[in-house]
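There are two complexes below, and they share chain A, which is joined by chain B in the first and by chain C in the second.
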Partner chain A sequence: MSFCVNFPLFLIVLSLLFSVISSVLHKKAARVLSLVLSGLSAAANFVLFLYVMKSGENVTYLMGHFPHPWGNELRIGLLEALFSAAFSLILFLTLLGGKAPLLTRVEERKGQFYYCMCDLIQASLLSLVYTNDLFTGYVFIEICTIASCGILMIRENGKTILASVRYMIFSLIGSGLFLLGVILLYDITGHLLMPNLKESVREIAACGSYRLPLLASMSLIIIGLSVKSGLCPFHLWMADTYGAAIPTSSGILSGLISKGYIFLLIKIIFDVFGTEVFYASGVHNVLYALGALGIIAGSVAAMRENNILRMSAYSSAAQIGYIYMGLGLSPVLGMEASLFHILVHAFTKPPLFLAAGLLSDSMGGAKKFRNLQGAGYVNPAAGAAFSFEAFSMIGLPLTMGFISKYLFGIAAFESTHHKMIPTLLVLAVSTVLNTLYFARTILRIYNREISPNHGEKVTVRSEKLYLLSALAFVLLNLFFGTAAKPFIDILAEGIAHF
Partner chain B sequence: MLSILWNNRIQVVAVVLFAVGLTTLLLHKNLLKKIIGLNIMDTASYLFLTSLGFIEGRLSPIVSGGNTDPALYVNPLPAGLVLTGIVVSVSVTAVILALSMRLYRRYRTLNLDEIYRMVHREQEEED
Partner chain C sequence: MKKRKIREFLREWDEGNFDFTMETMGDLHQGPEDPGRLPPPDWKNQPLRKAEASEVKAFRALYPVLSVLLLVSVIGFLLITVLQLPPFNSADTPANTSEVIERYVAKGLTETGAVNIVAGIILDYRAFDTLGESHVLFTAVVAVMILLLLPEEEKENREEYRILHSDLILKNTARLLVPFILMFGVYIILNGHLGPGGGFSGGAVIGGGLILYAASFDRRRLQKVLNMNTYRLIVLAALSFYSLAKCNSFFCGANGLETIFTTGTPGAIFSAGLILPLNIAVGIVVSCTMYGFYAIFTRGRI
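This part shows the complex of A and B:
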């Protein structure tokens, strides 16, 4: 066994350590530490990904060398390594480019705490992705909740504090339900480690006993995680939260944290309940319906919004809907589309929020569309980045968004009859709505009549780091959008090995 | 029916407590009462978990008198989970109480509806 299987544990411990150290450092040192951590994590996880791909099998990492059913485990598979690498890279790029919004909105003496929270988020994302133990999952869900509340409330005004309270209440209901589901499952199986759970769940389902508790625990876990990631009826907190937060935080919250929860949910579906039990229970139909509803509801709400950050927030609700719709569609192709869409949204939303924040800053902090007129000329880099990411959200060819819509289309054709037409219809309607509200925004920011509240013209030289991060996001997007085939094969192989 | 309820009385109490907590959390306007509801909800799940981990007639899982037969002792894992859970809920409560303090200092009330109205008014003045 190679040395690199130790990387996940090292990185988790290192992130926790760094977050403690950061809290007493100067803001600049803390920022460097966070950037080093997320960059290191991206590189290490990529090495691990190459290792797993070469060896072709999953590694179970025993912590303290206690074998199951006693010990605590991490499981390192193809998808885990890939998603950790992607999440770390996105966190790195978001922090790299997201310095400017922090300078104006966070008090000087509190700067280091922001990076302390980011390190905690890094630790909890890695743990949520790698863990093989449900209770460890619960603990890191809570750590993630506290850290995300931290990056939300660090900007002290009435709106953000209220948004944090609301976010906290929704999150805590979600994790309470998740915990209850885990307890019920522990009650009927006596296990917390995923491989043991899967075995027991299969036996229980086969002999037909405890049908109701099993269904109840499955529903509780799924409802808990979908409340936290903002599936349709629970998406209402999103606009307040993402709209009020610092754009850097909005990007991390919508692009990474909700994805961490969804990845854990997918892992639970595969490794705890097993796809057979899950797709026989009928819960997937509910997820499918709510996902489809979320796409339409989110897009319509985004259409009606006239604040650029809140519009992006509602568009997140629609994108989360896509992911859940794919989960409910079919176990292989639908899942593949969902996993790809997790990456699409994670690679697209953070730069979109960053660009929206910078556009708003260049117009004297205006967020309403009528005051953003011509912002694309005042800050050309942010305008171009916003337009490109908007194209990816709409799903124009050559971008990642196109590939995921294509995958959803394929999955729809391969699925059962009564889901094919609604899926295609939802895809078509949402693409039209997406195009409408993003086109409206782009036309506004490139209007020749610049609204009078604009600030000084932002030169390219003054924002080198932002430019670097935006360019990296664009290039990665184009890379995955054009060379998608090998990548989709990797996802399919990962699902087969889950 | 009654005997089933009586035999599972601890679980029944836990479910009732959970429901009380959840309704308090969802329906009350006062932020402090919401937080209390949240804590009742958490406590209910810990009660549920503890009651599942206890088997009548067995000893607490501390080896005494050189007796290492596991059939004599209860499983220590649920108790360990409850302890972890309590730590989590304490820290979460601390964060949300800190948030409430900030809200109170700003708006001099803990009624969420009133706070919402005031924030909305601030927002309109800004625009």
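This part shows the complex of A and C:
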């Protein structure tokens, strides 16, 4: 066993430690700590990923002296390492580029708390991804919930406070349902660690006793996590939340936190219920239908918006719909498409929100399209970044978005014919709708008649850090969008080894 | 003819003339959100506006009905589920017969050194969860600080202060009780590995004592000892100690190394390895946090 399997433990403890230290530091020092932490985490997880890929097997890492079913454990596999590295990298780049919106919107003496919360989010994302214990998942869901409310309400105006109360209620309902599901599962199996749970669940499914409690617990866990990540009937909090938050926070919330919950859900489907039990229960059909509904509902709602941030928020709802649709589609190819789409959305939404926030700032804080006219000329860097990320959301070739739509198409053809036609239809319709509302925005911000409320022209020099982060996002997107094949193979291998 | 209509519709949409969004929070506009906005279009004669009005009306009528229906069906489903669960209080439920409980009960004492098996479970077998749990408290405090922390102490209103702090009965009762409450809390914490108790419960008791003290006497008295700076340092020290100590034992456990913390003789006060120091750390964090919540909620400062 190589030394690098200790990295997750070190990183989790380090992020908890840094968050506590950040709370007593000055804002600038706390920011440096956060950046160091997420950068370090990205690098260490990448090394770990290379190690797992070379050794080809999952590592179970004891958190203490006792193996499962007695003590806490982490499980380090290919997908876990890959997703942690990606999430940390995205957090790093978002924080790097997202300084400007924070300066004007967060009170000076509370700045360090923002980074303290970001460190906690880093810790909980790592734990949610790596955990091998259902209850550890719940504990870090709690931390993640409170921390995300923190980065939301730190912009203290009436709208944001109301939005965060709303978000908190939804989020707490989600955690509560998840906890109920875990309790039911413990009651019928007597275990909390995933390997043992999987075994017991298989026995229960085979012998037929406690079938209803099993179904209940499965639905409660799935509903809980989908409320928190914003699946269709529960997506209505998104517009207010992401629309009112600081753009940096919106990016973190939609790009990372909801993805952390979804990754945990996928892990639970594989490692707790097992794919056979899950796909035999029929729950996946519900997820499929809600996902497809979410894509259409989110896109239509995005078209109805005249506010750039709220439009991006509803577009998030549609993207979450894609992920759930893939989960319901088929256990291998659909799952692959979903996992890839998690990365697509995580790499695309944070820079999109950042760019939208900067565009709005460069027009004196305007958010309505009418007042954003010509913003692309006032802030060229943000305009270009917004356009590129919008292309990726639409799914133009060479971007990641194209690959994920391609994967969804492939998965649709391979699935049963009940689902093939609806999936392809939904893909087609949503692509058209996406194109409509993003094209409209891009045409607006590159309109020659600049609306009269514009601020000073933003030169490229004045925002070096933002430029760096936007450029990194664009390059990574192009990289994964063009060199996707080896990457998809890795995902497939990860699913096989899950 | 129809084509032109569609084109017209798209043009109107592109210009943002249809505001069919239900901006629930539109009235709470604060700060310069949309400066230099163009004059709002004429809504009166828009058919879409009517559509929205009817949408809201339908929502108001349907919402109570649908929510009751939803709740009743969820309650019914969960009740049926509960009926099929293993019977409560019987010895042969899956949770009571699993190997997990067996080992906790049979070997818990020798493996963790804690007479109180619950302490052994939460601070040794499942210590990572508890590490997270103690940071949940910290996260909550920071979130409350973000929301309620006031910039600096305003001048105290003498009159209000005199009324608040002239209650003789309260003062004397507190004077009598607070030492015992604090002592009892310390006892619960220190005894956590030997009997019922531990850091969370003992910390809550101490926190209660501190709140009683702060409520009945001059707040500045307590502030001399426990103010913002000392609070931050205490929490920093306790949580860092907790994280580092647990990191050490996780690291040793995962790599098969011996720890320097031994279980000692069960029943002795210095036994059970890290459980006693961890209980103390948790107790400190919990007590300061309880008091911190009270202080921030009442006056926006610790």
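What we mean here is this: the second predicted complex is superposed on the first by the 498 of 498 C-alpha atoms of A that agree within 3 Å, B and C clash if a C-alpha of one lies under 4 Å from a C-alpha of the other, contacts with A are read in each partner's own complex, and residues count from 1 in each chain.
The rule we apply is simple: contacts are C-beta pairs under 8 Å (C-beta built on N, C-alpha and C of every residue); 3 or more make two chains touch, one makes a residue touch a chain.
Keep in mind it's a predicted model, so treat the numbers as computed, not measured.
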| item | value |
| --- | --- |
| Which superposed partner A:173 touches (first chain B, second chain C, both, neither) | first |
| First (chain B), second (chain C), both or neither touched by A:305 | second |
| More chain A residues in contact [chain B versus chain C] | C |
| Partner chain(s) touched by A:165 [first = chain B, second = chain C, both, neither] | first |
| First (chain B), second (chain C), both or neither touched by A:406 | neither |
| Partner chain(s) touched by A:183 [first = chain B, second = chain C, both, neither] | first |
| Which superposed partner A:487 touches (first chain B, second chain C, both, neither) | neither |
| First, second, both or neither for A:279, with chain B first and chain C second | neither |
| First, second, both or neither for A:135, with chain B first and chain C second | both |
| Set of chain A residues, in rising order, touched by both chain B and chain C | 135, 139, 142, 146, 149-150, 153, 156, 158-159, 162, 186-187, 192, 368 |
| Chain A residues touching chain B - in the complex, by the definition given at the top | 135, 138-139, 142, 145-146, 149-150, 153, 156, 158-159, 161-162, 164-165, 168-169, 172-173, 176, 179-180, 183, 186-187, 192, 368 |
| Interface residues, chain B side, partner chain A - complex | 18, 22, 25, 31, 34, 38, 41-42, 45, 48-49, 52, 77-78, 81, 84-85, 88, 91-92, 95-96, 99-100, 102-103, 106-107, 112, 115-116, 118-119, 122-123, 127 |
| Residues of chain A that touch chain C when the two form their complex | 1, 5-6, 9-10, 13, 16-17, 19-21, 23-24, 61-66, 69-72, 109-110, 113, 116-117, 120, 123, 127, 133, 135-136, 139-140, 142-143, 146-147, 149-150, 153-154, 156-159, 162-163, 184, 186-192, 200, 210, 212-213, 216, 240, 244, 303-307, 310, 364-371, 440, 443-444, 451-453 |
| Residue numbers on chain C that touch chain A, as the complex places them | 13-16, 18-21, 23-25, 28-38, 77-78, 80-81, 84-86, 93-101, 103-104, 111, 124-129, 131-133, 135-136, 138-140, 142-143, 145-147, 149, 151, 232-233, 235-236, 239-240, 243-244, 246-247, 249-255, 259 |
